[in-house]
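The chains carry the letters A, B, C, D, E and F, assigned in the order they are written, with residues numbered from 1 in each.
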Amino acid sequence: MASKKFLYINRRPPHGSIYAHESLEVVLIGAAFEQDVTLAFIDDGVYQLMQNQDTGGVGLKNFAPTFRALGDYDVNQIYVEQESLELRGLSKDDLIPLTYEDEDDDWAEKDSIHVVSSAELADIIEQQDVILNF
Amino acid sequence: MASKKFLYINRRPPHGSIYAHESLEVVLIGAAFEQDVTLAFIDDGVYQLMQNQDTGGVGLKNFAPTFRALGDYDVNQIYVEQESLELRGLSKDDLIPLTYEDEDDDWAEKDSIHVVSSAELADIIEQQDVILNF
Amino acid sequence: MKFAILVNEGPYTHQASDSAYHFTEALLRAGHEIVRVFFYHDGVNNGTRLSVPPQDDRNISERWSALAQQHDVELILCVAAAQRRGLLDDDEAKRAGKDSNNIAEGFQISGLGQLIDAGIQADRLIAFGD
Amino acid sequence: MKFAILVNEGPYTHQASDSAYHFTEALLRAGHEIVRVFFYHDGVNNGTRLSVPPQDDRNISERWSALAQQHDVELILCVAAAQRRGLLDDDEAKRAGKDSNNIAEGFQISGLGQLIDAGIQADRLIAFGD
Amino acid sequence: MSVLHIVNKSPYERHSLDTCLRLAKPDSAILLIEDGIYAVQQNSATSSKMQQALSNHPVYALQPDLEARGVNPDNMIDGISLVDYDGFVKLTTEYDRLQSWL
Amino acid sequence: MSVLHIVNKSPYERHSLDTCLRLAKPDSAILLIEDGIYAVQQNSATSSKMQQALSNHPVYALQPDLEARGVNPDNMIDGISLVDYDGFVKLTTEYDRLQSWL
């Protein structure tokens, strides 16, 4: 079966609702299907990647550490919209560092997260076959 | 039992979700309790009162005509925020006319809807005992 | 002080039920009286006994049931909202000719009047929702 | 053309399930093939057989069931989402030690892989939600 | 053909339409359904935004959703086309990918 | 005392906070919970709005919700007070009426 390009667009903050958490479950399951996977974090979706999330006090499951596993699942095309970060007073340093080992470059550790402009993101959206928005 | 002042704040549009519809059900049930009832329509809540809603094509229940019955239930303090109407390009003429018969004025038919400023509405909110927001 | 709590969203999907639960626990810690917890809109879905969350996650329905039992808290599901969404007790199921019911221990089905009554009885009514 | 449909919200609360239903009907009218309707998040609540809507209102679950039967449309509830929210078929109920199940005719419970598979199989995937 | 962007949120309560317009490439189309319908109203706080969108995108609105909300077609911004559910299906076949801004 | 306004929505996706600030009388208080927490961040598109709000209202934020979201208390706008669930209960007794901007 031909491989398709899947794009997961994440626009919701974590914890206030389960969409972000259940979206990540789709990405993890989808990784087993050997399709080409891209993740985009836009609007409040950028909050999903915030460092130091501690859900002990609210008693919710903290799924943020699971993002670190994405590299092992060959999910390493992760785009964060620059405009969304800026509006929220955030920068890439506020986000969980996500990396992968590049098998085509002697397993060098590389950054999975790319902060991109709206225009670049618009191009990425146009290149997909299947778009899922949670 | 002492009478309390109940305020129902309606901020959601109809049909896209059931909140507006189920909110009206609360108001109708609440009317039987002989409390002092006020309704406020703010933000997208003003759309609940739009004339000529026809839900035949979407197959949803059209509850808008039920607003006309509110006068008979002695629910006649209905406030619509002017700013919310203006932002949406609407005026009072776009809304369903709601009236009641004033028993203190020889059953004269009077207007239940009052278009008010944000400042007036802020005062109304402060005068309540119980506030329900749907 | 007497409190009434309104929960407008179902379990897991929105944080509303969690926030309401933690607030209710804090009310009990502070010695306040709880007139009633009223579940409306999708909030009625909190009353299912068929939920099977992952083992490392909280069980929202059971947690409410336990609170009801331990502190004698009244948990009411709005009947009209519950019927629409498929939450039935034994009586409702029989009346509707359904072959089973799915309501959890400690929850009761009643009318919207219980919400208004809660607003009248309580010193404070607080709503949690989407 | 082959279509897959994703429904992310439960019946009645959001218009998503209604929109998805009318869209699916129109797909069938136009002679398109439906790979699968996948219900995720609160969408799994569409699969209840215990819903008792007012007599003058649509019955959303039954409507989906009828579509499945008449047009052989596959209706899948995500198992993890369904377990959390208390939607169980006979097998799931037994495995979890629950005394009853509540899934409607024509709906099946399966894994999230069915959503990915639908995306791969279909020419178009369309999502309805909040 | 490119992407059909579907917006189902009121432009006054959510930012979905803004994000859609920021990320939609020229020639991709926009379909307003459910509460997204309210973006069609002329002389509103949304109308200049929509007029600009119309210079880059075909814009459609789902007629049954418009009727349900009592929005008068005469008050629609010029250039927006109405479709019914059959027209909605047709659009989804004419564009390669569908993006629902949920 | 007057009204405790409770906001649980992100200021970037919904307009609840704007409506709350438009309709809250001076001296009424504002409590940010759940996704409302994101309004506390300094140097953001929301901060000038919140700074203005602080000149008219006591503003509180629910600490467990802040921690869940990884928002650093050091990056909070000056003048916002943190409360836990017990403090939340205390606030609801100190104000006469509660208004949740759902």
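General remarks:
Keep this in mind: a contact is a pair of C-beta atoms (placed from the backbone, for glycine too) under 8 Å apart; a residue touches a chain by one contact, two chains touch by 3 or more.
Here the structure is a predicted model, which is why all the values come from computation and not from measurement.
Least step count on the touch graph, chain A to chain D: 1.
Least-squares overlay of CA atoms from chain C onto chain D yields a rotation of 180° to the nearest 5. Compared with chain F, the chain whose C-alpha mean position is the greatest distance off is D. Of all chain pairs, the one linked by the largest number of contacting C-beta pairs is C-D.
Centroids built from CA atoms put chain B at 43 Å from chain A. Measuring from the averaged C-alpha position of chain B to that of chain C gives a distance of 27 Å.
Annotation: 38 Å between the Cα-based centres of chain C and chain E. Along chain F, residues 8, 12-13, 15, 34-35, 64, 97-98, 100, 102 each make contact with two or more other chains. Shared interface positions of chain C, i.e. residues touching 2 or more other chains, are given as 8, 12-13, 15, 19, 22, 41, 54, 57, 80, 125, 127, 130.
Residue positions of chain B touching 2 or more other chains: 11, 15-16, 18, 43, 58, 60, 130-131, 133-134.
Listed by label, the pairs of touching chains are A-C, A-D, A-E, A-F, B-C, B-D, B-E, B-F, C-D, C-F, D-E, E-F. Chain contact summary for the complex, chain A toward chain C: residues 15-18, 58-61.
Those residues of chain D lying in contact with chain C across their complex are 10-13, 41-42, 45, 48-54, 57, 61, 80, 83-88, 92-93, 96, 98, 100-102. Of all residues in chain A, only 11-16, 43-44, 47, 50-58, 60, 62, 64, 87-90 touch chain F in the complex they form. Against chain E, the residues of chain F that register as touching in their complex are 12-15. Against chain A, in their complex, chain D makes its touches with residues 6, 8, 40-41, 80-81, 111-113, 115-117, 119-120, 125, 127.
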